[in-house]
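What follows is a pair of complexes built around subunit A, which joins subunit B in one and subunit C in the other.
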Partner chain A sequence: MKWKFDSQHILKSKITWAVVAELLILLVCLIIRPEFFEISYQESTGMLYGSIIDILNRSSEITIIALGMTLVIALAGTDLSVGAVVALSGAIGLKLMRWDMSEYPTAGNYSVTPLIWVFLVALGICFLFGCFNGLMVSRFGLQPIIATLVLMVAGRGVAQIITNGRQMTTNFAPFKFISQGSVLFLPMPIIITAVIFILMVLLTRKTSFGMFVEAVGINPRASRVSGLRSSLIIFSAYAITGLLAGISGLIYASRIGQNDSNNAGINYEMDAILAVVIGGTSMSGGKFSLAGTVMGSIIIRTIITFVYYFGVAAEAIMAFKALIVLVVIVLQAEPVREFISKRRKARKTAIRGELHG
Partner chain B sequence: MKKLIAVILSLALVMALGTTALAQDTLTVAFSQIGQESDWRTANTDDVCKAIQDAGWNLVYDDAQQKQENQVKALRNFITQGVDYIVFTAIVTTGWDEVLQEVKDSEIPLVLIDRFPQTSFADDSWFTAFFGGDFVEEGARAARWIVNYYKSLGRGDEEVNIVRLEGTTTSDPQVGRSKGFDDVIVNYPNFKIVASQTGNFTSAEGQAVMESFLKSVDKIDVLWAENDQMALGAIEAIKAAGLQPGKDIIIVGCDGVKLAFEAIVNGEMNCTVECTPLMGSRVVEVITGLEAGETFPKIVHPVEYVYDANGGIAYTDDGTALTRKAADYIAERLY
Partner chain C sequence: MPDKRILEMKGIEIQFPGVKALDKVDFDLIAGEVHALLGENGAGKSTLIKCLTGVHHMDAGKIIYDGKEITPTSPQAAINMGISTVFQEINLCQNLTVAENIFVGRLPMKRRHRIDWKGINNRASELLKRFNIHIDVTRPLDYFSTGIQQMVSIARAVDIKAKILILDEPTSSLDENEVERLFDVVRELKKSGMGIIFITHFLDQAFVISDRLTVLRNGRLVGDFYARNISKIELVRQMIGKDMEQIFALKRPTVAADATNMLDVESLGIASKVADVSFTLKTGELIGFAGLLGSGRTETAEMIFGVTRAEHGTIKIHDREVRIHSPLDAINQQMAFCPEDRKRDGIIGDLSVRENISLVVQSRRGIFNPMSIKEQAELADQYIQLLGIATPDAEKKVGELSGGNQQKVILARWMATQPDLLILDEPTRGIDVGAKAEIQRLMLKMCAEGVSVIFISSELDEILRCANRVIVMRDRCKAGELPGESSRQEDILHVIAEGTATGEEA
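The block that comes next holds the complex of A and B.
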């Protein structure tokens, strides 16, 4: 009896389909070229080296943002400003490290400002941007899309003003460590993402915060009437997302050793929302799954890596991505999942009927 | 009441006369720029604006913030304001027929820079002059440099595997540079493009694509990146793979920005094909000439060079022009 219940549960669960989709893409890779799965130890960098590691490594920026976005979407909101905050974070970081850019244009292994201040100021301002979004939505009751659109447009502009529209570069080793360094043979971004994931799981599952988020997402008015401070919860979700977008921005800047206010974080809001939706959290709010979001982000990166590795023509990339995303999302749609699990149930009953009858 | 109207009217008349008189004193040159997308673009804007102002003319500058409709609006405003010259660089290649017809009808001379828009006009009387890079030639120069560099090492007959990082798909520079490169490299069967993918002209994507190339392609000898930013991103990916950029893999970029010069001097990059953003002096030259009644060839490309670590590699079709040594020119590079 118990097993039957579980199988139904697994078939209905959205994350199952995300995992199935990922495995299917990987299966195609395995059939075309098994070398895709090769992982070796790279002595010069002290890291594991392979396409699978690349997928995990390069999905970090989106995963980190999407973890915050999961809460926002579970509250029936959305945050369009994350891409601009990514650009802003990098711009502030580089500006603080390279205050002397006009005198010493050549990048060196140094920082004008101690690294701890670079992190604190950059992340602090991104956190404030998140707070601004939160305030607009929770206090002033603006539509999330409109409220966050303000910073989506303004954030990139602020980033360009901060850096005078220039790309600043650095070779400061401790700063580069957050993207190119390694701990436990893994690239740092994977470690940072894992730590943030664990913290977010603890926050939402070990405290009542997660339950409150779901309650407010399902019915804000009922939650407020029953004594939940829904505006504070909504505010926190946007603030956390701002902070996480800031972390993501520093990783991005560290990877290329420069701020790129024009291109950093372009379309990240879309990728992050997509990751959350693929992971099974509904745009209409309510129940959310952080593990699903991580899976969603990994799927997006797997598609991109697939395209690069197997040389899909540049013109076809967009269409290719859209096609796979479409399949994944349709598989997860309520009616489709209902249909699959019902058919399975019906077949089982039929078989059982034959046996017993 | 009548008196009041008369006073206002006469005041308006005086002011109108005043402005016309002012306008006749100095030329008004309008410049519609596409937006600030990169360091290259910033250098381009600064140079053109500064040159116009230094010539003592009035500058009307409009930044379109990467939107075609803003540029269309700007061009219409220029016509309404009755400026003397319009300097224009088109954000996308198509969709300009209507507004450029209006410019033509207004008889304001149109000076195109950097990018050449595609139009369906019967003849070329709609623009006065074009000044901008020859993207096809730039791609061809990169290919010639690679071939001649291998020859200079005495390895011209070896099998050489080239990977390419393309610019934003279907953008004017991407199409031109890819075509120019292909046209030359096809004559040397031992030089093969083994992988080619778009890196969207950005460091981050150039890095991610190179990372995959390093795993999917068995042997990479040369990287040809259609701008320097992607080459710089790829350098990090090559280091992460435990290889030495500039030695294990020969890296050729395009644009000739200062960061590329630094990478060449540090031995992490090998060559960059120049595409200069400095168009201000030519714009001033054209307008001054037109004012004096001179005529010009309609399309002029800037004089550009190719820079590498040691210099002396031929890069033109006739083989006469030799590369310049990057270290000698790094100090004067401002962008």
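The block that comes next holds the complex of A and C.
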């Protein structure tokens, strides 16, 4: 592919606007309080600290889910069950680590089941949940919202059953490591997210999976005539999303050191969808951008961090978040982008006209 | 008042981007007559109707309705003036009752804020009784057959005190009995002095019910005829016309005497769509499929390619029986298929030319054996050159190209798979003459290289110029098979119109 610098193209691209929005928010932070950008190194933990690092760190759970959601949305679908799967994943993980509560009544630095099995079983079941969604949509032709609504409701129920409705806590160091530990001075969640991002990019751009997803998302009929196995592709997208929601759930459980079937992953589906949309992937399917999704998720987290950092009144937080999201999304709306790029063009030609005239 | 013109449309012109959809078309309607509007797809029938009902705005011409010049601005405005339309797809709400459907949007009120349900139901069932339909109007619409539903939509249209009723392909989803019933209603309405415009693809029906027939072709008026003065053959000829503007030195493929059977189709069919179709196709042979729209040509092609699954019959390729349950199966058997509806089944508009051209090759290679972008670009560039696709570069979105170039991209997509069998469904429809000629040339070139081709087209001269044999479809089954070289258009028209062929095996 030839990369040409084309200002019209860049102005029209949605990801450009996501980056611009992020930079604007950061600029406001910079003006109000420059120390927002301070990054310090703590020798005791071997990790970098600072608001920027924090944004990246805390956005991980949503970013990981949103990467899967990007494929689902590119296929003109949506997955509402991811939040419930996050809760489920944590519940399974904690249950396995503290299998017999009576024998180990206190939360301590131990796990009954080897950690590898904790991960495999929790993620395996989440993957199966994703497969179930995929089957409902691709084979039974249910509308994605309805199909995934089933597990959205059922997922937390299953989590409650598994844990007998109890919250269990853990201080098992290896498990805590996936949220508190660090590699290369960076918190683990950032590392995990980066690895998943790279794997997803490889999956979609180094195989033809990405092109197939886009083709099926744009024109399912034509894709079928062209020999694409669209149901397999749709199925895979949901299965992958289930798996990623499971990973996200384990990170979250590790972060808070317990399972919480009622509150873990609440509204994650909405934030993930929002991240994808801010990242420039259309809800009607088609072309998608994983980098855009990461950007979208970071924007969402930046807003939240901003709100806390600058002490916006607690009751105003949701409204404030909504306001900024609204601005970002309106900036990206087709008519607005058209308008801006047209005005630019008009101004350019006007200037040229003057020069020639 | 005999011969009272209630509608006159004069010199109607409509310009769409890049094409003149209607070019100085005249049309008139007399009170108490059924006037059929005929023509192949893209001839401008719907455009003319949409102009009358205010969906499109004309660029020139005038409409005189009931003695006054009018300019309908919206379908609602047209309805208010007394011009009602019943569309092909039933435009009603399946979950409302029959009575509600008839009165929705204009529910009669009892006193101020209460709906007069009793009145509605009574009036609805009386209205339907006029059409000889005795049903429980309080049942939801989807309880009834398509025929009844169609009748309900007509009842709704008529009850709006219409002077003109437009029936746009009302019979395409009806069976024979239902059509008969519909026609009774139409005759009834005609007697009451309503002018009826009837658009259809079914010639037999047009002849049965119409007093006059107006034929359009490529946005131009061919003429209007009294049904009693014109034969079916003459009418079909008028509809299809002769595209003689440019004659190309195209040579029919020569099939080697020892050519083997490439494709062997035996009594392939789907109960409701196509009756048993059988034919053989030799290596390097070009077979043409003629017939009017809806005659089963496309359905046959889609069965062979696995787009729809045949209910019975067998397909043999190189004398070996194969199972084709999906397009992928067909692709793996070295088949290729350019579908009729380019937008719906062909192009992936938001993907680039490069991606569109490599799509099928890639789908055959599978997900984990991807072509590099460089390979894709090479493939695309090769075909852009070979087919003369007019695009600034391979990264242009296909959706932004012209129709002819989109068609070439689809052709390229399939040529890139180097197929043994190429099925082309109306590859030349709606594209300009130059692109048309080029696509025919390519098709024949592929035949010369040993590819077998099934060529479906509504343009008979095109088929006769290229095909070794012509299969004529009529009313969802194979009506005849003619040799390509020695047949004349009249022979094909005869089979299309009458269902029997002169001078060939039955």
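What we mean here is this: the second predicted complex is superposed on the first by the 352 of 357 C-alpha atoms of A that agree within 3 Å, B and C clash if a C-alpha of one lies under 4 Å from a C-alpha of the other, contacts with A are read in each partner's own complex, and residues count from 1 in each chain.
Everything that follows uses one rule, which is that a residue touches a chain if its C-beta (ideal position, glycine included) is under 8 Å from a C-beta of that chain, and two chains touch if they have at least 3 such contacts.
Because the structure is a prediction, the values reported are computed rather than measured.
Using the contact criterion defined above for the overlaid structures, shared-chain residue A:49 touches subunit B, although it does not reach subunit C. Between subunit B and subunit C, more residues of subunit A are touched by B.
When the two complexes are overlaid on their common chain A, residue A:311 makes contact with subunit B while staying clear of subunit C.
Of the two partner chains placed around the shared chain by superposition, neither subunit B nor subunit C is touched by A:320. In the overlay built on the shared chain, the residue A:227 is in contact with subunit C alone; subunit B does not reach it.
By the document's definition of touching, of the two partners only subunit C reaches A:287; subunit B does not. In the superposition on chain A, A:169 contacts subunit B only, with no contact to subunit C.
Overlaid on A, the two complexes show subunit B and subunit C touching no common residue of subunit A. Of all the residues in subunit A, the ones that touch subunit C in their complex are 1-2, 206-209, 211-212, 214-215, 218-219, 221-229, 286-287.
Contact residues on subunit B toward subunit A in their complex (touch as defined above): 36-39, 42, 166, 169-170, 195-198, 200, 202-204, 207-209, 211-213, 215-216, 232-233, 236, 240-242, 258-259, 262. Per the touch definition, subunit C reaches subunit A in the complex via residues 305, 307, 326-328, 330-331, 337, 339, 344-351, 355, 359-360, 362-371, 373, 377, 393, 395, 413. Put simply, subunit A touches subunit B in their complex at residues 33, 35-36, 38, 42-45, 47, 49-51, 54, 58, 105-107, 160, 165-167, 169, 180, 252, 255-258, 260, 262-264, 304-305, 307-311, 314-315, 317.
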